[in-house]
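Each of the next two complexes has chain A plus one more chain, namely chain B in the first and chain C in the second.
And now, the complex of A and B:
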C-alpha cells in the first residue's frame, strides 16, 4: 500500500459499455468486490478496473446512493430524516425492471447496505400483491399441478383464516 | 458474501428482464424475511423453489416470539413433538389454544406474531355470580366462549381476575368486553333488551391492574352505549423478561351501595399488545383511558 492518504485516492471503474467512473477510495470501500480486488493487487491500481457484469445505469445509481449516504452520515443534524426522504425517492424513481437490475448489480459489487435496502423495497412492492403479480415480477413459472395447488392452499389456510376478531 | 471478482472482460447484452434465476438465493431469503407470515405463506404458492425458501426455519424463527420455547412448554402438552419445523410451531401458536380447562385462550396474531389472550367470564371471579337473583349465565353465539355472564341487578358489582403466564416481552393492554342490555335473536334478527340497564350513569366503574413486580394502574369510566359490545380499557402492564411467568391481577368494580346497577353482559377480558389499540379497528373505540 502506498503512503498516500486513503481518502484522497481515486479509483477508476469501467462498466460494460466502457464508461469510466472516478470514485473516491472511501466510496470504493463500500463496493466490497472492488475493494477485494484492490486489496489483492500487489501494486497500486492505476488502470481502470473493468466490471464485466455492471452497466452504466446501475453503477451510476449505486454511486449516487453511496455518495448521498456518505454525505448524510457526515452531516450533523437531521441526517436520519433526510436519508429516509432520499431513500424513499430513490426507491420510487425506479421501475420494477430497474429495481431488479439494480439488485443484481448491487449483489455483484457486494454493496451490503444498499442491497438490504433494495430487498426491503422489493418486499414492500410485493407485500399485498396477488400470487400472479409476484410470479410476473420474479419471472417464474407455476410448476404446481392444480391438485398440488389445492393441497397447498389447505396447508396454508391457517395463515389467512385465523382467529376471528371482533 | 464474497463474490469472486473476475478480471476477464466479457461483453454482455443488457439484461432484458432479470428473473428469479438471476436473483441470488441470499436476496430471495432476505426479501422473504421482510414479509409478514400470511404473505410468506402466499409466496409458498408461487413455485417449488419459493415454497422451499419460504419454509426455511430461519425465516420463521425470526417471526416467532423470542420466548417461544417457554410458550410451547406452557401451552402444549408432552405430546407436542419436539421436531416440528418453526413454521409449524408458528402455525400452531396462531390457533386459539385453550388453557385452564377452556377458560382462557391464547394465540399469536398471525400477521405480527404478537401474543393475545382472552379470559372467559367463567375464568373470572364475579362476586355473587352463583346467586341467580343477580347473575345468570346465558348462552350466546356472540362470545368466543359461547356463553356470557348476565347481571340483572346488584348493589355490589365486583369482578376480579388473575393471570399467571409467560408473556413475551412488551407492553400489553387489558380490556373488558361488555354489553349493556341483553341481546338475543328473534326470527333470525338480532334484538336487544335494555329494560334492565340502569345505574351505570350514576357513578363510574373503577378499573385496577396490579403486577407482581409492582406495576399498578387505576382508572374510572362511565359505561355507555348500550346494545353493542364495547371494549373498556382497564390498564396496561409491561413485561421485561419473557422467560419467566408474569403474574397480573385486575378488577372492575362499582361498589357504591347507594344505587343498584344492572342489565350488563360480561363476556370476557382480553389482553392485547398495546400497539393493537392503534391498528385494530375494533379497539379504536375502546373506552375509558
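And now, the complex of A and C:
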C-alpha cells in the first residue's frame, strides 16, 4: 500500500447507466460492499468500480446523504437539529417508488445507517395504514380467499380497531 | 426498468427490518397482507426479535399500552374491557378481551397480567344437566390475547394436601391470589405461576352470631414452573398473621403494603422467600390512595385532599423518594378549567403511568369518578375521558396490559 493518507484518495464508481462518480475514500468506507471490493483487491484500485445494480439517481442520493452526514458529524454541536431537519426533508423529497428503489440500492451497497433510516421511513409511511394500502405500496397480490381473509380479520378483531381509512 | 417492488418483498431480511419497526397491532394486521407475510410474522424468531427491539427502546421497561378493567358484578361479561392509554386511541368502539369458553359452564377472571400474557382463573359453574366429556375442573389459562387461541396454555390446579385430615384432593383455598412470572427477554421462554392460598377462612361464625377472627390462617404457596412442567409446594419463612390479599407484582416479586400496622413485605419469586419492605415514614391508612407498579418501579400515592404526593421506591429498595406533587385543582379538559368544590379528593386512582422525558407522551394518572375512567396528564394538567363504565363503584380489578407478539403455548 502506498503512503498516501486515506482521506485524500478518490475512488471512482460507475453506475448502470455508465455515469462516473468520484468519491472520497472516507465516504466510500460507508459503502461496505465497495469497501469490501477495495479490501479484496491486491493492488490499488485505479479503474472505476462498476456497480451493476445501482442507478445514477440512487447513487447520487446516497452520496448526497453520506456527504451531508459526514459534514454534520464533523461539525459543531448544533448538528443534531440540522441533521434531523435534513433527514426529514430527504425522506419527504422522494416518492414511494423512489424510496423503494433507494432501499434496494442502499441494501446492495450495504450502507448501514442510511438503510436503518430508510427502513424506519417506510415503517412510518405504512404505520396506521390499512392492509390494502400496504399491499399497494409493496405491489403484493392478495393470495387469501375472501373467506380466509374474513376469518383472519375476525380472529384478530382487536388489532383492526381504530385504523385510518385511506 | 423493472419495478423494484417485487425485489423489496423478495428480500426477507429487508422486509423483516421494516416489520420490526411497526407496532404490535399493525404487525398483526400485516398477517392479512399475504400468506408469505403471515408466515414470516408467525415464524418463531420474529416475535422474539420484535419484543427485544421494543423493550430495548424503553430500557427493558415499556409503558403499558392499555388497562384491562374487569367488573365482577357483571355476571354475563366474563371479559375485560380494554382501556387504551395512548393519546391517539379512542375507546368509542368498546373492545374486550375474553376467553373462548366452551358454553357457559365456566366462570373466568383475570388474575394477573405480566408482559403481555394474561393469567385467567377458570372455574366450572355448577350447572345442572350433562357436562361434556371435555369439561375440566378448576384450571388456569395463560395466553397472549393478541394472538390466536391455539397458543393458550391450560394448567390444572395443583393437588391439595393429600395428608390433610380434611381429605382434600384438590387445592381449594378460601382466598386465592395467583401471579404469573414471565420475563420475555430470556431465552428459552419460560414462566412461573405462583399461588397464594389462604386455607382457613378469615372469620369463623359460631352459632351464626359470634364472630371469631382467625388470627393465623394457614397459608399455602404453590409454584408451577414451565421448566419442570409441574407444581411444587413452597416452604418458606411465612410471616405471622399473613393474609392473602391483592399484592403488586414488580420485578419478579409480589409486594403487599401495610398488611397490618407497619408491616409491608414482599415475596421474591426467585429466592422463594419473604422480606420486609421499607415503610414510608408517617403514613396512616386513611391517606393511601394507591399502591402500584409501573415500569419496574413501585409507586405509592398518599393524600386526603386534592393535593397529593407520588412516592417511588428506589431500584435497590433502599428508600422511598417523593417524585411528584400533584394538585388536582389545576385541571382542564382542553377547553376550560375544571373546579372541584369539595375539599376531599373525589377521585379514585386506578393507575399511575410513568413516562420518561424523551418519550412522546406525558406521565399520567388514571382516575375514576362518576362512572368515568379518565387520564390526567402531569405535564399539562389535561383531563381526558378514556372510557365510561356506567357504574359508581370503583372497578376492583385493574391490570396493566402490554402488547406483545410472544406466546408460551405451542401451536
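Operating definition for what follows: the second predicted complex is superposed on the first by the 159 of 166 C-alpha atoms of A that agree within 3 Å, B and C clash if a C-alpha of one lies under 4 Å from a C-alpha of the other, contacts with A are read in each partner's own complex, and residues count from 1 in each chain.
Here is the rule we go by: a residue touches a chain if its C-beta (ideal position, glycine included) is under 8 Å from a C-beta of that chain, and two chains touch if they have at least 3 such contacts.
Every value quoted in this text rests on a predicted model; they were computed, and no experiment measured them.
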Based on the superposed arrangement around chain A, label chain B with chain C as either clash or fit. clash
Is A:52 touching the first partner chain B, the second partner chain C, both, or neither of them? first
Can A:140 be said to touch chain B (first), chain C (second), both, or neither? both
Looking at the overlay, what does A:85 touch: chain B (first), chain C (second), both, or neither? neither
Considering only the touch criterion stated at the top, classify A:131 as touching first (chain B), second (chain C), both, or neither. both
Just chain B (first), just chain C (second), both, or neither: which does A:37 touch? first
Figure out whether A:110 sits in contact with chain B (first) or chain C (second), or with both, or with neither. first
Contact breadth on chain A, by residue count: chain C or chain B: B
With the two structures fitted on A, what stretch of chain B runs into chain C, 91-99, 127-135 or 181-189? 91-99
Determine where on chain A the residues touched by chain B overlap those touched by chain C, and list them. 55, 97, 100-101, 103-104, 107, 115, 119-120, 122-123, 126-128, 131, 134-135, 138-144, 149, 152-153, 155-156, 158-160, 162-163
Which of the residues in chain A end up touching chain C in this complex? 55, 97, 100-101, 103-104, 107, 115, 119-120, 122-123, 126-128, 131, 134-135, 138-144, 149, 152-153, 155-163
Complex interface listing, chain B residues touching chain A: 1-3, 5-12, 14-15, 17-24, 26-27, 30-32, 34-51, 91, 94-96, 107, 109-110, 116, 177, 229, 231, 280, 282
Residue ranges of chain A in contact with chain B within the complex: 16, 32-34, 36-37, 50, 52-53, 55, 97, 100-101, 103-104, 107-108, 110, 112, 115-116, 119-120, 122-124, 126-128, 131, 134-135, 138-144, 149, 152-153, 155-156, 158-160, 162-163, 165-166
Quick one: which bits of chain C touch chain A in the complex? Just the residue numbers, please. 1, 3-9, 11, 14, 17-19, 21-26, 28-38, 82, 89-90, 93, 95, 97, 145-146, 148
